[in-house]
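The structure appears right after this line, and notes come after that.
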């Protein structure tokens, strides 16, 4: 494991993803931190038949499913919060293109916890008694479903509760606010389940809005919830979560959230979206051009900007990052 | 969202619903709010009569109050901007909600039935049947609402009052109410008490203490028992003590509108 | 729940503890953060018959057990790391005064996790197959013990694993580096299991080396792993962990660690220690005098001091804290 | 600690043990060190031949190397001073060790038996018997060693070689080795492979691949097969390939002494 793990986004997708893998996004709910740009690159490289593990749906899953790249998905919440239903995912589910297995949000976090612990099962005191337990999109002929959330007997009381199956995704692309070249990462805002996911996944790739010197981590070791020892690769990508938000860096791009979700409602709209917003950039600069430099500035003017202040002194410039990246890929 | 039908009143139906929901919360309680209207209802309570409410979201955002209008999500920068603590889903939904520590949760519903079971997963044409077939319309899934429905001390369900949303039996139970009524929850050992009220755009339903069937407890100044029964997809029973819900006070409306800065409830 | 929760140490012990309670220390292992001073106050107020839940033994449990205040204890590790065996606890166990139930360090963390989740049991893939499972100090006549770590059948594979009993202590006194008057807390250094404990315990009291303004928490919300909503009371007490260490604040007092452990090896030594180091101070000032002002200065000159730098601007003075405390107790 | 009996050598027995233990670690491995000597052995490996070892402690202290001498504990400021990450016990012992992710752990022992089972809980006069009676001498308990023994890919046990410490059967299994030998671990589904070596102040024992009984694999320049057999409480078998462990190189000794700044291994 090399000390410096910085590689370009395209290289990370090329090296760590394959058709048909169980792919997890490390996100903070549908509007917050998520490496949506990683999903764009998966499409650019024509990855397909993915088994998507998303604690919650995000615009990334909405896009991947809408574009037909997802055969199976497991989710706690499949909407876009106040932005409404996720039209791409919805269309894929309603057409049968994507089999969507439902759990609750706690269930997904617990299943990642169970994967991280390498437990054979996780106690379930939620999801039992509802159709989440009784109905399985992955085994539609079983009713009531017996293998999705089977019962287990508590040896202390003799009472029955449920048992969740642990999750161990093949690859997780986890969005973080700050990473150092070694793979130590700081998240600003809710972790959601990124801590557990970073230990449950077989391979972890960090997608960071900014790269900082390791001295930043030594100043704030309690903030480093993902340590380098569990990380394979670090990708620098500003506005990686766009059009979603990243606390400290940028707000949600409301207009693009709506434009994107509207486009994903139809096959044609999705094709147009892929043409205009997935294939139409070559590097970070042209990606930011696509977002619009004025828009980038406006979104960066966030009420949360002050959250980033303590770390600014350690943020590396694009030139420094390019030099470090060249080291690894040389 | 239905257009306000209360043009002659100084508030909308959604504002009445939010205020009626907010009145269900008591000072000092540990309370979890979902995204959207339930968050506005919750923060209205904090702004008006429950200043020491301990508000949380399922993302583990604590100590925050929204700035700049209705947050787009429970992790939106509008709510992340002034939090005192960020943790995670296991903490919020597990340690604090599924554990039974949370006093009250507010959840929404696409469809609710007479035992307070909530469907937010999909709309099927008729019953699903023995095979789990594709929904005609796929909805958002349970999210954290199932965890709240299982674990929170009590649950307030907020829903627009329309016949299609008030079914005798939901096609899919995303979040359990009283299941098939009576003590049916006991079998699963849920630590939470179940839904204490369904607050709608027309009135308030509460469960019968024994059968757990929801009955009409109160209507609004602008609605009526007959209108509500007509808008309910089952034969809604009416409480012998059915009454009118007090209209929003000027203080309540002012507090609500401070929280609903961008006017989401007035649209 | 009042907004300002600052109360004096003696008041916290008076208000929240009783003889016979299940009392948990929130500590970071035997040499690190622990509210040892809370244990001193328990002895000053003659609390006894305690059921101690200590993830690891610390000098606090060593003192409480050595002084005869502990009937039952549950621990993962019962030594003092490089300082050797814990003589007070050891003497209490060997004499039969304290029944010490053994688990591993992971087991204790998992049992707190289970308590926090309100699970009926926690999956156990460790401690099984060893005498930790077979032998119970709380049920010595059962061999092999069947109720300590019973088996549970994984419903997915049919294999048997173990099941831990969850812990929900009556009161936890958790040592933290920084707390605000509302009860938001920041820990510097390993959390050990303080995060889980703060949710598993029925009542949580924070013992903080320093009090900061809530603005500090708003600047660093991701560091606030214990939010005010789970906290009953906040106690300000500098050198609360002495003679143990607190990263950012002070190093371990090697001489006193040894003096204390040597004293606890005998009943007489313990009585002398209680006379000299438990009863011989009246307030924070005389407590610091007892440690020795030169010693306080020497120990504060730590290689970890820089960890505290980002937060110093928000640290409240003793006078400010006294005023805030007077507000609550008035 | 026994006084060094190697006055005519440029290193102590404990230094030889620490170096022999350190040689068991390979570059790039995820490795967990306990407190005391095992930590010195581990950081010696990092300083000498395994610069990319990913060192961790059971407190969840990552990226640190001790400053100012042997840390008093795994959370001592001497190791907290330059960490890049602090998490917690669930993470370190659960997610990384019990899960099977950790490649190797180093643990100590008060008593070890021929199947590599470790006792750190207590000394009884004779067998404990059916009733769990009080130990004559209470020791430290299992700590994290049980978790390491169950979960780590392999385990290296470090122990002073004395007859009382090498028992045919330990009185209490605090941390499982191969239990009663052969495939006995399989019954419990341990994800970890069990102890790969017992490194002592006199030599190195390794398990027979089938019976899992520990046999003498190597002795040091200053010890002998006879001395080791005499210091072992069971009838120790000797490997047909028994050999002398290479003495510490000057580079190894220098690296070890940089880590062991305060000379704990030379006392």
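By letter and in written order, the chains are A, B, C and D; residue numbering begins at 1 in each of them.
Note that a contact is a pair of C-beta atoms (placed from the backbone, for glycine too) under 8 Å apart; a residue touches a chain by one contact, two chains touch by 3 or more.
Remember, it's a predicted structure, so these values are computed and weren't measured experimentally.
Q: Can you check how far apart subunit B and subunit C are, centre to centre, with Cα atoms defining each centre and the answer in Å?
A: 40
Q: Provide the C-alpha centroid distance between subunit A and subunit C, rounded to the nearest whole angstrom.
A: So the centroids are 37 Å from each other.
Q: Return the distance between the CA-based centres of subunit A and subunit B, expressed in whole Å.
A: Result: the chain centres lie 28 Å from each other.
Q: CA centre of subunit B versus CA centre of subunit D: separation in Å?
A: So the centroids are 57 Å from each other.
Q: Could you tell me which residues belong to subunit C and also touch two or more other chains?
A: Correct list: 117-118, 125, 159, 161, 188-189, 191, 195-196, 221-222, 307.
Q: Touching at least two other chains at once: which residues of subunit B meet that condition?
A: Each of 86-87, 94, 98, 191 in subunit B touches at least two other chains.
Q: Which word fits how the chains touch one another: line, ring, star, complete or other?
A: Other.
Q: Sort out which chains touch which and give me every pair.
A: So, checking each combination of chains, I get A-B, A-C, A-D, B-C, C-D as the touching pairs.
Q: What part of subunit C is in contact with subunit B in the complex they form?
A: On the subunit C side, the touching residues are 1, 3, 116-118, 180, 182, 184, 195-196, 199, 214, 217-218, 221-222, 224-230.
Q: Applying the document's contact rule, which stretches of subunit B touch subunit C when the two form their complex?
A: Going by the criterion above, the answer is residues 28, 30, 52, 54, 56, 62-63, 82-87, 91, 94-96, 98-101, 191.
Q: Within the complex, which stretch of subunit C touches subunit D?
A: Residues 28-33, 55-56, 75-83, 85-86, 89-90, 93-94, 96, 100, 102-110, 113, 125-132, 135-137, 140-141, 143, 145, 159, 161, 188-196, 245, 247, 251-252, 254, 257, 302-304, 307 of subunit C touch subunit D in their complex.
Q: Using the touch definition up top, name the residues of subunit A that touch subunit C in the complex.
A: Residues 114, 117-123, 125, 147, 150-157, 159, 161, 163, 165, 186-189, 191, 219-223, 306-307, 309-310.
Q: In the complex formed with subunit A, which residues of subunit B make contact?
A: Result: residues 35-36, 57-61, 67-68, 70-78, 80-81, 86-90, 93-94, 97-98, 117, 121, 128, 130-147, 150-151, 172-176, 179, 185, 187-191 of subunit B touch subunit A.
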